[in-house]
Amino acid sequence: MSLLSVEGLGIAFGGVRAVHDVGLTVAPGEIVSIIGPNGAGKTTLFNMISGVYLPGAGRVRLDGEDVTGMAPHLLARRGLSRTFQNLQIFPAMSVLENAATGFHLRESGALMADLLALPGARRRSAGALAGARDLLARVGLDRAADREAGELSYGALKRLEIARALATAPRLLLLDEPAAGCNAVETEEIDRLIAGMAQSGIAILLVEHDMKLVMRISTHIVVLDHGEKIAEGDPATVSRNPDVIAAYLGAPVAEPEAAHADG
Amino acid sequence: MRPSAKWTQLLILFLLIALLPLFFPSGYYFRVGALIFVNGLAVIGIVILTGYAGQISLGHAGFAGIGAYASALAPGHLGLHPLLAVVLGALVSAAVAWLVGRPILRLKGYYLAVASLGFGILVAMVLGNERALTGGPDGMAVPDPGLRDLLKDLGLKLTGGEFWYWCCGLCLLIGAWAALNLQASPTGRALRALHGSEVAARTVGIDVARLKLQAFTISAVYASVAGSLLAMQNRFITPDVAGFMHSIEMVTMAVLGGVGSVIGAIFGAVILTLLPQVLTVFADYEQMVLGAVMILVMIFLPEGLIPSLARKLRGRGE
Amino acid sequence: MDALMQFVFSGVTVGAVYALVALGFTIIYNASDVVNFAQGEFVMLGGMITVFAHLAGLPLPLAALGAILATAALGVALNRLAIEPARGAPVVSVIIITIGASILIRGAAQLIFDKQLHGLPAFSGDDPIRVMGATILPQSLWVIGGALAVFVGLWAFFTRTLTGKAVLATSNNRTAAQLVGINTGWVMTLAFGLSAAIGALAGVLVTPITLVSYDVGVGLALKGFAAAMLGGMGNPKGALAGGILLGLFEALTAGYVSSHYKEAVAFIVILGVLFAMPQGLFGRAGTERV
């Protein structure tokens, strides 16, 4: 039984069809990757699934419930979290605090208790910080915990976003180019991290340009071009598909997507 | 924020309040001190709203006005004890903030600034126009809360200036303590998170609209209590307490000292409250100096005096 | 009916002043995304400098011209000394800076000139003109004509001249504008100078009717901002329509509801517009992107 199921999803910006009639499913423990040349609509698809954009057509179902266009914070409550292609961290907060925000749903309580530092509030806060510390260790950032997040390198911030997303205890995690800007060693770490998350039963939807990474860890691949699904299947099938090869000709595979919300 | 940082800030504040009177050449300075603390209290509200949550308000004097006029009106018209009038003012301010905040906090940047400004001016206008109730632009008298007499009965004799100095100092300490608690709490983290990136805050489950409203409401309560304290110690109040310039002063104090830091913002209140006192000789230049200070600090110390200085000191230490 | 016409005339006159202030806002906002809270001080300076230059013996047209030029220079200086150095600062900092500038200018005006109310002789006499059962002052026609002339001039400038298009390009994307060779620093200078000059012109035109003193700026800035917002920020057509509409609302409120709450109209309009249609009458809604 799939956790996420997307049917006929589409959106247009100013008359231009950015994504059209895309469907896919992700089951717990699966890693489904979305690939395609720059401007194929991958990030736009992510933004629709995660409630940032309101889809113009189609349905998004999470565990059978219709969640199309639902606000992101309500989706988070239902177990959907994500990372961003163009980083969205909280630069003025420490790395530890960034990760701790991910515990918001589980560790936040009455406002009055927080203002008065009642024992319950202090316990919740300490719980979130301890949990955040564990997650930072898991993504290899424990030593940077007390630094201001704005000071970290690009690759480290990508991992911080993953730690923060994990803190929400997601059932479905959308990762938008987690390996962008990472060197070979870091990419391998991220590779292991994603595989580990999938093993723990999290359903993972991945956008990534590093084809080696994608081919290695994906259980299923969906190929987008000009906003439409042109192929899908397991890594071996997709990599032999002539349409996919044609779509990629002339488009260097490893180059990061240029514009945000590229349509 | 580390727990030690919270207690350091509170200790600095406590020492400031406790030791300052040793240097007062005359009783008049207790009045000035009390005024500083009242302003400091209002400014802490701005720290929560602007420093933590990143939202702008140019209308917070409206809430100070509600607090001040609650203190002035409730004892006579409703027969409430002046202290309960402060609580009533805070509750009314919170309710108004909740209602007004819902629509206007959807706005961002300049639009939010101007919408809040409009709200503040409307409050000032109502206070100025409803002469039958408020005495109009000429203002009205405020009943004494009678706490000083209570202390006298207990054997503690204080002048009016001394009494309000210690009373406002205590309120400021409590206000700072609560704000620092909030900063380190899950709610505080969520507020600072939505300041950093609303989209990312949403994806970790933060109900951005609700949290902004909470910050707006809390900061309104701070402004309201500050307004009540101001009214009670002056024994007289005019609609200017809710006016545009008072709102601007609050924000300027906070931004001048450092809007992200409780102790910094209080320091901003110290400077801007003292400025007119220092410049009494040059009263004609007061406005020019104020304007110039606002511009220069924003250009050269954009984070505010205290955080910018702290950063410089830290840089030298490393 | 006669009363209504009378309210309409006074509303349109005041509205024309608001429209001029709003047009000033619009120019700076278009070039730099800055909302200049010192805009009202330009109007005050236009009036005050003209008054004092006239008192000093200069003929009125020359005094007015001098006031407009001096105020334009001040606008340029404001940009150079206070706005440019804080480029990239958060909105709250820029708000504090322009409010600081407004307080500074007001304080200086109070020192250099005085705290009294001043007037100027009307340009074409004080004999009211009878129209449709109501009367209108010739000076009102000057104010309305001035607003229309400035609007037409700006419209032509932004749509017909290369420089005007450069200003719009700079507002759209500063970096891209620089890349295609637009001197964005000069565009900013132009925008602040022009905006200040228009504000000063409004001050010159309206002083014979409403008088001027050092502290009229704040109120005008807020009204002008309300007008700009009502029309849609950044749109000259919106600034004109928003100004006239706001003036009409005020005059009709004073006439039919309560003169006490006349001043509240602008702020009720601001709040109403922001809640109901944040893009204003002529503005365009933007999509937030991630």
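Going in written order, the chains are labelled A, B and C, and every chain counts its residues from 1.
By our rule, a residue touches a chain if its C-beta (ideal position, glycine included) is under 8 Å from a C-beta of that chain, and two chains touch if they have at least 3 such contacts.
Please read these numbers as outputs of a predicted model, since none were measured by experiment.
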item: For chain A and chain C, chains touching each; value: B
item: Maximum centroid distance from chain B, chain identifier (CA atoms); value: A
item: Centroid distance [mean C-alpha coordinates] between chain C and chain A, Å; value: 48
item: Intercentroid distance (Cα basis), chain B paired with chain A, Å; value: 41
item: For chain B paired with chain C, centre-to-centre distance based on mean C-alpha positions, whole Å; value: 32
item: Multi-partner residues of chain A (at least 2 other chains); value: 52, 84, 88
item: Per-residue multi-chain contacts in chain C, two or more chains; value: 290
item: Shared-contact residues (touching 2 or more other chains) in chain B; value: 199
item: For the chain B and chain C complex, residues of the former touching the latter; value: 50, 56, 58, 103-104, 107, 109-111, 113-115, 117-119, 121-122, 125, 129, 199, 244, 248, 251-252, 255, 259, 284-295, 298-299, 302
item: Chain B to chain A touching residues, read off their complex; value: 178, 181-182, 184-190, 192-193, 195-197, 199-208, 214, 218, 260
item: Contacting residues of chain A [partner chain B, same complex]; value: 50-52, 71-73, 75-77, 81-82, 84, 88-93, 97-98, 100-105, 107-109, 111, 114-117, 121, 124-125, 128, 161, 164-165, 167-168
item: Chain B partner contacts - residues on chain C that touch it in the complex; value: 35, 81-82, 85-86, 89, 91-97, 99-108, 110-111, 218, 222, 225-226, 229, 233, 260-261, 263-264, 266-268, 270-271, 274-275, 278, 290
